[in-house]
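Across the two complexes that follow, subunit A remains constant while its partner is subunit B and subsequently subunit C.
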Partner chain A sequence: MKKLVPAIALVVASFIAIYVGAVQIDNFWAALISPGSNEILWQIRIPRVTAGLIVGASLALAGLMAQGACNNALAEPSILGTTAGASLGTVLAVLTGVVQVGSIGAIVCGALGALAATSLTFKLASLRSQLSSFALIIVGIAVSAIFTAIVGLLSAMVTRADARSISFWNFGSLALITRDNLIGITITAIIGGAIAWKISPSLDRLSLGDATAFHLGEDVPRVRLIALVALSLLAGGAVSTVGSIAFIGLAAPHIARFLYGPTHRRLIAHTAIIGALLVVVADTLSRTLAQPGELPIGLVTSLIGAPVLIALVSVKNNVWKTQ
Partner chain B sequence: MITINEITIVRDGREIIYDYSEQIPAGSITAIVGPNGSGKSTLLAAIAGDIAPVKGTITIDDLHPILTSPAQLAQIRAVAIQNQSYTLGFSVQQIIEMAGLAQDVMQALELTSLVDRQVTTLSGGEAQRVSIATAIAQSTPVLLLDEPLAAQDVGSRKRIIQLLQKLAEGGVTVVVVAHSDEADLTWADKVIKQLL
Partner chain C sequence: MKRLGVIALAIVLTGCANSQISQTNTISQSDVSAISLDSTTSFSVSRVVVLANGVAEIMNSLNARSILVGRDISSTEKALESIPVVTSGHQVLSEKVIALKPDLVIIDASTGPKSAIDQIRSAGIKVVQTPESWTLADIARKVSAVAQAIGAPAQGVLLNAAITGAIESSQLSSKPRIAFLYLRGTSSIYLIGGAGSGADSLISAIGGVDVGAVSLPRPFNAMTAESLAALDPDVIIVMTKGLESVGGISGLLKLPGVAQTQAGKNQAIIDVDDSLLLSFGPRTPSLVVALSEKVSAVLK
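And then the complex of A and B:
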């Protein structure tokens, strides 16, 4: 029963998220079972909460892929440069007029940017010697900083509304989500999730180190590449649609591991549920705490995710041993 | 049969093994002994397919490890590396089952009391025994072990040696790297001392 708490909490949080907002919805339950009956409910809140669920699950799974592929507790999309790469890919495509934010084209560009940045991090980290966790994190932070700076410069230099603001790319927002936006991120979430499911036994073996994983029959570079593709699809889809949302990719896999153990195949569903829960709760708080204004969701996820992470590290556990 | 034919291995610009040839018969235990830096672990890694000689060839029966896919190689040889570290808190049983059936080998190495222990909490000797058990569970015709006796007490050493002898009697080719401090090597059918 205890293990079902995140799933039950997610259902409850989703209903609360749909219910609360700047405008009170009359006959809420009746409107909920009649699709299209209430415009605010069906055109704004339900798409927004659905996007929150998909984005949360995607970012959480992206974090699981990053940590599994790197065998590193600190790895997550923003540290490997994936998030910044997705932002840059999307911003460049939007500014050149190729795509609009939230379109499937933007998601493709975001995923390509994410893959390019993550591959660059891996390539630079393994230039001098075998890939090490330390080199990966240091290079990832540097690549992320460069890509983030370019996004900031581009955002500051142009006045086009669809390039949105620096704040959007740094802290994310679900405010402009429409039903049409849901198609693209649903596709990337399903494909990314399916790839993650497929390679999860290989990620278990990767946790034993590259040498032992190879001895057990794993083609380590191939597994890592597939994980990077999944990571890029998941993070690229999410970031190109709602901007960067911090901490989900780092915190959700760790919370799931603490509750359910380290087996990746079991973690796929649990990590996605916890990520979705964190984003839905954070988004509800971000649009209700400062009404009629809205707080950037990334600030709220940081405020929720960071203490949870600190609490997990403080509680004695042997789920992830750091050297 | 493992055939090593005039191999030279260079690491970090230094010749670790030079023009070395050897034949390791099937169904036997071969011990490679020598001091630190003598190239014994390098030779084991080359047989395992981890590193390629700059000259010469290594074959396991007719297969060249370095030219064989990881999945196919895992059907032929299993390896227990020295100082296996575990980062994720899998149980001992879960780790061994990543390679194959766990029950028999856990009993043989007296790991049954540790079956549900998280591997991140094991001592060095226990972790090494789990690593050996994982390699044995892979059920391959060639078993390569890097210093499997290093962190073991007298009882564990005896059990590991008995198990290796039983495997060799069953046709498994066992290659063990042992430190030169190892006084008693009577358990090995063949001892390799000089690699250069």
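And then the complex of A and C:
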């Protein structure tokens, strides 16, 4: 039963998300069973909620891959530089006129930026010695700061609506989602999720430490690289389409671990469901609390995600084995 | 370095390409004309600096351009181009004002900074505050105040009569539902004009219904895709630079919510010069006529 709680909550939350909004939908149930009948429902609200589900699942799985690859409880796309890299990759591509935000081209550029920034973090963190968790986090924060600053500078210097605002890149927003944007993020979520599933057993062995994993027959650098590719695809897809939504990549895998233990393959579905749940709930709040305006979703996810995380840590401190 | 240059050039070029917008439904400054008096009169002052939004064009229409020696940045009419600007952005530069040796400075409630006004006063220069105009009904009050300040109240009466006469003669036969959107470019959260935005009085002057003013109490309201789609205007009015900031009509139509309105479906979007739309002065009667024509045209 415990297994099904998040999934049931997700279904309920999704229905509520589709039901509530700035506008009350007339004959809601009739409109819901005839696709396309109500424009507000089918062209604005449902695409947005669907995007929330996919983005939430993607960011959560990206967090799982980051933590698994680094064998570090703190690793998360925004700490490793992945998110900032995805933002910069997308902004550069948009400004040079190659792509538009939300397109598959933008996602490819976002994923490449994510991969470049994350690789840079790993490279710099292991320059002088073996890759240490501590160096990885410090260097990751620095790389994130640099990439975020460049995105900010570009946004300040080139005022272009299609390159989005610094607030979009820092706090994220699902407000600009249209149905066309769903294709790209669905593809990255499926490919990223499949890769994550495939390498899960290897990530379990990696959690025993690099040396033990090596003796168990794992090609550690290769596993790590594959996890980084999955991480970059998942984060790149989400971030290049809706900007950076805080805390999902950190909170969702931790909540899943707390509830279901550390085995990666089991964690994949649970983490994705919890991530989707967090984003859908946060987005519903962000578009209903300050009607007819909206709150940035990143602020809401921080307000929900952080206390949940603190509560979990204070209740049970053995979610992660000591490093 | 070379590669950086190429990237920079590409950014600039795409920026230029993007800022080109459809001109078909645009009302620019050259599409309207100001109502002006030919009659001359004497004034009680001889050197006037105006720092109040729209007052320079009223002075021009009162045929008092000869005593205007300095102006703020808000007056963008061609006839005023040669008059020196004494503000930086909207900030008054007191030294520039005092250097022009005016015997009257006209301000309004928005003129600032206050310290600059205090400096002008302490230099012994007379400062008069005239009311701001946010509706058609405010124009007469503002014109009278300006005419009074320069000692030509009779000119004010004449100009007001001419403006009022011109406004009354342009009404649409149908009652189209119109929304005024204030666009800020990079987010899909736009401001929609409500009661008191200024645009509401223009919309009622042409015989339309301001859908924002009907349901929204504040002059400007943050709005989302769903709320705009629900208001479902037949016509959307925006400012030209605002439209440019979202990437023109095609960019506006991509914002969720806009494409779902009748205005979006029929591309019934009118953009009006930023400094003209809410100027409420001698150009407003001509703007009302132009707006009424554009609304009829986009609804066809």
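Quick note on the criterion: the second predicted complex is superposed on the first by the 320 of 323 C-alpha atoms of A that agree within 3 Å, B and C clash if a C-alpha of one lies under 4 Å from a C-alpha of the other, contacts with A are read in each partner's own complex, and residues count from 1 in each chain.
Quick note on the criterion: contacts are C-beta pairs under 8 Å (C-beta built on N, C-alpha and C of every residue); 3 or more make two chains touch, one makes a residue touch a chain.
Keep in mind that what you see is a predicted model, and the values were worked out from it rather than measured.
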Field: Touching partner for A:Asp204 - first (subunit B), second (subunit C), both, neither
entry: first
Message: Let me test your reading of the model: by the given contact rule, A:Gly261 touches which partner, first (subunit B), second (subunit C), both or neither?
response: first
Message: By the touch definition at the top of the document, which applies to A:Ile40: first (subunit B), second (subunit C), both, or neither?
response: second
Field: Which of subunit B and subunit C A:Thr186 touches, first, second, both or neither
entry: neither
Query: Regarding the shared-chain residue A:Gly217, is it in contact with subunit B (first), subunit C (second), both, or neither?
result: first
Field: Which superposed partner A:Leu95 touches (first subunit B, second subunit C, both, neither)
entry: second
Message: Quick one: is A:Leu176 in contact with subunit B, with subunit C, with both, or with neither? Answer first, second, both or neither.
response: second
Message: Comparing subunit B against subunit C, which has contacts with more of the residues in subunit A?
response: C
Field: Of subunit B, residues touching subunit A in the complex
entry: 48, 50, 69-71, 73-75, 77-79, 81, 84-90, 94-95, 98-99, 118, 120-121, 131, 134-135, 138
Message: Could you list, by residue number, the parts of subunit C that touch subunit A in their complex?
response: 7, 10-11, 13-15, 17-18, 185-189, 216, 221-227, 229-230, 245-247, 251, 254-257, 259-260
Field: Touching residues on subunit A, where the partner in the complex is subunit C
entry: 21-23, 39-40, 43-45, 48, 92, 95-97, 155, 158-165, 167-168, 173, 175-178, 287, 290-294
Message: Which stretch or stretches of subunit A touch subunit B in the complex?
response: 71, 73, 201, 204-205, 207-209, 211-212, 214-220, 257, 261-263, 317-323
